[in-house]
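These are the structures in question, set out in turn.
Look for subunit A in each of the two complexes below; its partner is subunit B in the first and subunit C in the second.
Let's look at the complex of A and B:
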């Protein structure tokens, strides 16, 4: 019932405003300083610089170029570190829930939820591989890709024995699980460990 | 009318995305090679102390609890 009401509302407002909503990368960036405030400040305290607002510290978003750029800019961040920040690469392959997704410059803007799996960053002939535990990949219209994950490690830091042990333990837990929640946790364990072992071998 | 959108198995079992994501991250951390594993585990430890309040006054707090955020 509510779905029909929202569908009606959306179609009505779409008819009234036929222009599509712009992406955030296409809007002009907000001015860094409010001119009226700066003028009033200068009148009262002409010898002091007006205070800076957070917006003045932020770099404006690069606009969407009219032709497809040659490189993709990747920002790969974790809660405790920024693995790649503004790195220009040729291609990134991320493990989306719908399968391995390749992101090239000029990719359509996308928000993809990631599943535990292998992420590869291709720059010329270099390939860097990371195992991502889960997260999101946001691709913007200006060929910037933001990949955020809770935990991501280069594959050479994964211990294969622990992976095998974990896989066996969770397969066994899956068989003996009783409640829905236990089954879900065991299934998550099996998924993560099988993704780890295929990342090590693949 | 109930929505028939396909939900992931963990949401059908009552788990939220954030618990799912934290569980995955913990499983990955437990499979790391040695110096990285102990660094990762110590980085994610949460230190907190808990005290129950009775009659408007706190009782003696539980000895400081160091917990691995795994839920």
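Let's look at the complex of A and C:
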């Protein structure tokens, strides 16, 4: 009888223990879900599974290394494609609003807003040039750089004649603009086209 | 009754043709039965009509499945390409769905067209639960709805809480410009401390995960950065921009919102096509099964009427012979 009781106790405690986590090799250092959110959800809607959050779909980033790494890992993403993802390069120069900014491995963490201009990616002797419209460049402490832009084209695909035509057109629009909104739009057009022409030449 | 049977037999012999006689009988017997005597056995005409309509439905649902499959192929590529867009923001600002703020806005993304399984109901259920989660004594939450289906469901009980509703999103090809204009409209018209986007993330053709992405307003970001925790090391980041930190953070928040919305809209469209594919697939299979059952019933009815005919003729003939 005692044997049965202990067997039952053991089985009940085994059932009370939460389900063994399957595939514990899949878990990385950061938790895949925000525990506070899951708890709050269970209180409000106990019968529904909580929705997933973006954190569970992202590969976690490595922590800040103690010494400066030799290469910079660049993620360059656009709405329609990820141009570069996880590429290891030596240096990236981005057109921040304060001017061309060079990012090397070990750069301090920075949030930089970009203006339309030329972006270059240096890997060894290989230089890739893109013309980016505005966006953001985020540099993290672990030598990861994320560049998010709305549009980017390799420089060799830009037609110089169309650039000149566009510049002339927008300069004319700026001169004939009446409302502030039109002036602002024409000014943006002029800025982008002059940046394009300097990117083609420089 | 014997005379009627003989008359019918005579009519049949007059119309004799090279066709085998039971085909003739089967094509003539049901309509004759219906025309001559009202209800005489079960009419096969009704069953035949049902079979025709079920077969048409099967064709339609099969065609819809093919269309959904081709649309899915096209949009899946774009959705997967746009997945890299929101990851930098989450890497920088972390993911804080449990943040405690006063004004929550729940952006529910759904489809305009129906017949896509349960994904819209799932989104609406999750939105309602999110609203319960984020409402409290001094907190409030409102809805911004994209898509007809969620609007139809939420307008029934939460009409006062809907700030904005947008439909016919997929009329033109989905692109970033359209979504960013949309995001701009939402940000202009709605006061928010935290935006929670609820959508179905496309994992595979048969699996769609309800997901919620949280975007905080710049003031809340600053508050959380000072409080520490996930956003605590935001202060370590230098701001390159020549403007003040709050302006940069505002631009960042707006950009983040439009990027997350773009990805969410594409993923939801993918999920919609995938769900429609599986819904139409199971519906064509059901129609096929129904057709099999109806065919059996039809054959049974037809054979029963033939048997009845035979019995009448034979009994009529034997009555004549005496």
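Going forward, the second predicted complex is superposed on the first by the 146 of 202 C-alpha atoms of A that agree within 3 Å, B and C clash if a C-alpha of one lies under 4 Å from a C-alpha of the other, contacts with A are read in each partner's own complex, and residues count from 1 in each chain.
Basically, a residue touches a chain if its C-beta (ideal position, glycine included) is under 8 Å from a C-beta of that chain, and two chains touch if they have at least 3 such contacts.
Treat the numbers as computed from the prediction; the structure is a model and nothing was measured.
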{"item": "Which of subunit B and subunit C A:181 touches, first, second, both or neither", "value": "first"}
{"item": "Contacts of A:80 with subunit B and subunit C, given as first, second, both or neither", "value": "both"}
{"item": "Touched partner set for A:168, first subunit B, second subunit C, both or neither", "value": "neither"}
{"item": "Residue contacts on subunit A - larger count, subunit B or subunit C", "value": "C"}
{"item": "Partner chain(s) touched by A:101 [first = subunit B, second = subunit C, both, neither]", "value": "second"}
{"item": "First (subunit B), second (subunit C), both or neither touched by A:127", "value": "neither"}
{"item": "Contacts of A:159 with subunit B and subunit C, given as first, second, both or neither", "value": "first"}
{"item": "Touching partner for A:193 - first (subunit B), second (subunit C), both, neither", "value": "first"}
{"item": "Which of subunit B and subunit C A:150 touches, first, second, both or neither", "value": "both"}
{"item": "Touching both subunit C and subunit B, counted on subunit A across the two superposed complexes", "value": "80, 97, 135, 150"}
{"item": "Of subunit B, residues touching subunit A in the complex", "value": "1, 3, 8-10, 12-15, 20-25, 27-34, 36-37, 40, 43"}
{"item": "Residues on subunit A engaged by subunit C in the complex (per definition of touch)", "value": "34, 36-37, 40-41, 44-45, 48-49, 51-55, 57-58, 61, 75, 77-82, 85, 96-98, 101, 108-113, 135-136, 138, 140-141, 144, 146, 148, 150"}
{"item": "Residue ranges of subunit A in contact with subunit B within the complex", "value": "1, 3, 80, 97, 116, 131, 133-135, 150-151, 153, 157-159, 162-163, 166, 180-181, 183-185, 187-189, 192-193, 196"}
{"item": "Residue ranges of subunit C touching subunit A (in the complex, touch as defined)", "value": "78, 81-92, 94-98, 125-126, 129-130, 132-133, 176, 180, 198, 201, 209-214, 233, 236-243, 248, 251-252, 255, 259-260, 262"}
